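What follows is a set of structures for review.
Two complexes are shown next, each including chain A; its partner changes from chain B in the first to chain C in the second.
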Partner chain A sequence: MKLGYQLAIAGVGVAALATLPSWGSAVLVQFGTSALILAVLAQSWNIIGGYTGYSSFGNSVFYGLGGYGVAIGMVQYQWPFAAGLALGIFLALAFAFLIGLPVLRLRGHYFAIATLGLAVVMTAIVSNLEIAGRNIGLIMPLVKGDTWFYEGSLALLAVTTLAVAWISRSRFGFGLIAIRENEGAASVMGVNTTLYKVLAFALCSVFTAIAGGIHAYWITFLDPESAFDIGLNVKMIIMAVFGGPGTVFGPILGAFVLSAISEVLASKLTSLASIFFGVVIVVAVIFMPRGFADLVRRFHQSGWRYFQENIRAHSV
Partner chain B sequence: MGAALNLQLLWQIIVNGVLLGGLYALMALGLVLIWGVLNIVNLAHGALIMLGAYAGYYLFTGLGIDPFAALPLSMLVLFLIGYGIQRGILNLVIRGPMFNTLLITFGLEVVITYLAQVIFSADFRTVNPPYAGSNFELLGATVPLVRMLAFVLALGLTLVLWLFLEHTRIGRGIRATAQNLVAARLYGVNPRRIYALTFGLGSALAGAAGTLYGVVSQINPYIGGALTAKSFAIAIIGGLDNSLNVVVGGLFLGIVEALTALYIGPTYTDVVSFGILVLVLIVRPTGLLGRTA
Partner chain C sequence: MTILEAQKVTKRYQGLLAINDVSFSLERGEILGLIGPNGAGKTTLINLVSGTQPPTAGTIVFEGAPINGVPAYRRSHLGIGRTFQIMRPFPGLTVLDNVAVGALFGTAGGARNLAEAEEQAHRWLAFVGLDKRERQRADALGGPDRKRLELAKALALRPKLLLLDEVMAGLNHVEIEEVIAIIKKVRAEGISILVIEHVMKAIQSLSDRLIVLHHGEKLAEGKTEEVLTDTRVIEAYLGRRRS
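Here is the complex of A and B:
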């Protein structure tokens, strides 16, 4: 199917989802908001992880900086939300450029671990900052109305997805894919790999920081542990990989499906829900290593043999 | 007088750091072995250490076996678990893209941690052998007996692993597989078995580290994540080439943490140790002691 048709269908989907607060229950709106925010995070990760092939564990840093921009602006300086959000975006962009330049030279596991280390360092630094409320955190003014947060998250997801759709079609995006497939070759073909990688990192930092800012304002509380949560970063990766990394709609699908599963399970026993989540990850990686999008595309050709082929391709 | 006191305090801090560093080295050793040979960055490593700690705890409280004497048993238990994980699960995805193996070990970490929570409960546990409180003097520094024992055993096990890899048939098979899988296969190495043995061995080392950790510290099902992160830092600082380098990485981290806690503040230990991790990666990705790329 052409991307244009897909986007048209997605536009109808967005319009339908936008009506949810007018008929859905408060619980449903809250679930929708958190699912939408997670979808934004998975979609942003898709830019650097899915298209560029750099599996970042530092996206939770962007998320935390976005949240802290809002929290510090609103609590310490009594700024309006938008000004705080701008501060958060600025912090995340600064981080993406300053840290991205040296760290994006690393490949594979080393990039993953360096960004993981950065997330731990940021947690520890912020826990010692007076302005960020140390390890106790900051409490923001309470706002009424989940609808605003729901619609805001939906709009953000739409914008992020448009950006990804543009990437999948543009010269810039082809450059990123070339880097993912073979960085040396991409460089020889004239792709300015450093510039492309840093720009991809920066782009993903903006969307992630906005999501972090919205979430912090919605929850009205922020502390270093929850702001820079590495577990959340892993969730973004799982949702993107489960849905299909390097596709336009895969990460959204992954985020919605996995959010729904955890929501259903969390109402039962929490520890059993977590075990099940772990099992889902293990089974998904074994049987559909290229994500749900690839399963949908190929299943009708090879049927059940699809799973066998995956295992045969990757086992020793 | 003040200077003498400060020097003595510094000496005590360094001794504490070295003792902890030996245990850190053993924690990272299994991670480095699995990473170096299988190219799997095992996010479940800390969870395996946690299982080792509980193995030691139950052998001590349930059967009355001294935790240091229980070491071989908990290593055997963890070896079997690790062998099974690699044979049954990880061998199926080992040639897949990098973040798939990363993700699957994260999934395993989640499963192990929450199974442990269900089975062992979330309570803090301590292992208290009768000699837990005794300590002795070393050039003016106080050394707790259990920490010294843990340190000696950790270094001993590291040495044993190094000798095993250098001088036994299986050890040579493991090193050959790490260097060149195709060539090793042509020389009759069965990669499925070697991979499972390696992962089992790495898990057994994690089990040993966990049992020793349980003697010097409190344990609960959630200690794994922090221990995995620490093991990464040590592995990166030491480099992946040689198991003996891990000892240097462990001691380095132990001393740096102790000094940071004293001179800058205990809340800054993570800033310093993981800051060093990131700096080392940027400046020398093969580790401080590793070969230059």
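Here is the complex of A and C:
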């Protein structure tokens, strides 16, 4: 199916989702907001992890910086939300450029480990900053209106997805994909690999920071542990990979499906929920290692053999 | 007119002297053959020209300007294209998209948009005889077709100078003839070519001149027939004749 049709269908989906606060319960709107924010995170990770092939564990740093921009702006300087968000985006962008240049020289596991370290370092730094409320955290003014956060997250997801759709069909995106497929070959084919990697990292930092800012304002409380949570970074990777990394709609699908599963499990089973959630992920990785998007694309060709083929591919 | 010139180029890896004080030049429109036993430094020399590795000493001059400090991606913008002996396709992309990358990022920006790049890519695939398989993934291709893909990818950059690193290794006689014909067509487009090859038939029918590398040093240089009958070259390849 052509991307244009897919985007048109997605547009109808966005319009339908936008009506949710007018008929859904408060609990449903809350669930929706957090699922949308997770979808934004998975979709942003998709830019650097899915398209460029660099598995970043540092995205939670962007998320945290976005949150702290809002928190510091609103609490310490009494700025409006938008100004705090601008500060958060600026911090995340600066971090992406400064850290991206040295760290994006590393490949594979080394890149993953180096970015993993960043989140730990940021937790330690922010815990000692007076302006960020040290390890006690910052409490923002309470706002009424879950609807606003829901619609804002939905709009952000739409914009992020449009950016990814553009990437998938643009010269810039082809450069990123070439880097993912073979970085050495990409450079002799004329791709400025360093520039493209840093730009991808920066683009992903912007969307992730906005999501962090919205989330912080919504929860009205931010401390270093929750702002730079590595668990959240793992979650966005699992969602993107579950849905299909390097595809336009896969990460959204992954975020929605896994959010729903974990919500249902949590309400039915409480303490056992995380075990079952783990089982779901293991089964998914075994039977559809290239994600949900690949399953949808190929199932009508191969039928049930699709799963057999995947299991066989693992054993090679 | 000279398009490429290497002036006293040396490449040292810790203790190993891979290229030792090698100078040569390549005229516009010429096919220069680069031969030598395994480990002679042929691929290293191509790496130095394409910018994948920096030289330890010496200067590489392209179209009259030294390019030592120019990174690999900008050399391809200047008009230097190469293939890899160990082929490096973009495995998850279709054959067409593999070549489209070259069209998008080649000389002076290349194609303006994706549709234009794919159209150019299609033409280059037809040029090397691979257009029938352009919708397949690159990792589904067999060896000979991967060689053609390497060639099409490099050509899509619209290079002025093409560096070919053993594009005929592993091909059968029929396929070799086909690739020789393709390379002659490339030259007819006005592209200068530096070709590393072990297949003697190809070297003989393609090269205007030859240089021979042995243990990283230039052993001989000259007209193809003369070099191939040079006793020092025969010794380097076959060993000294017992008398």
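Rule of thumb we're sticking to: the second predicted complex is superposed on the first by the 313 of 316 C-alpha atoms of A that agree within 3 Å, B and C clash if a C-alpha of one lies under 4 Å from a C-alpha of the other, contacts with A are read in each partner's own complex, and residues count from 1 in each chain.
Just so it is clear, a residue touches a chain if its C-beta (ideal position, glycine included) is under 8 Å from a C-beta of that chain, and two chains touch if they have at least 3 such contacts.
Keep in mind that this is a model prediction, so the values were computed, not measured.
Q: Of the two partner chains, chain B (first) and chain C (second), which one does A:G108 touch, if any: first, second, both, or neither?
A: first
Q: For A:W148, decide between first (touching chain B), second (touching chain C), both and neither.
A: So A:W148 meets neither chain B nor chain C here.
Q: Answer with first, second, both or neither: which of chain B and chain C does A:E181 touch in the superposed model?
A: second
Q: Residues of chain A touched: more by chain B or chain C?
A: Of chain B and chain C, B contacts more residues of chain A.
Q: Mind working out whether A:T193 is in touch with chain B, chain C, both or neither, as first, second, both or neither?
A: second
Q: Once chain A of both complexes is superposed, is A:I311 in touch with chain B (first), chain C (second), both, or neither?
A: first
Q: Now for A:I275: first (chain B), second (chain C), both, or neither, which partner does it touch?
A: Touch partner of A:I275: chain B, not chain C.
Q: A:R169 contacts which: chain B (first), chain C (second), both, neither?
A: After superposing on A, A:R169 lies in contact with chain C but is clear of chain B.
Q: Could you give the residue numbers on chain A that contact chain B in one complex and chain C in the other?
A: none
Q: For chain C, which residues are in contact with chain A within the complex?
A: Spelled out, the residues of chain C in touch with chain A are 50-52, 71-77, 81-82, 84, 88-93, 97, 100-102, 104-106, 110, 113-114, 117, 153, 157.
Q: Give every residue of chain A touching chain C within the complex, in rising order.
A: Spelled out, the residues of chain A in touch with chain C are 169-171, 174-175, 177-178, 180-182, 184-193.
Q: Using the touch definition from the top, list the residues of chain B that touch chain A in their complex.
A: 35, 39, 41, 89, 91-104, 106-111, 113-115, 117-118, 191-192, 195, 225, 229, 232-233, 236, 265, 267-271, 274-275, 277-278, 281-282, 285
Q: Within their complex, state which residues of chain A touch chain B.
A: Per the touch definition, chain A meets chain B at residues 49, 55, 102-103, 105-106, 108-110, 112-114, 116-118, 120-121, 123-125, 127-128, 135, 230, 234, 237-238, 241, 271-272, 274-275, 277-282, 285-286, 289, 311, 313-316.
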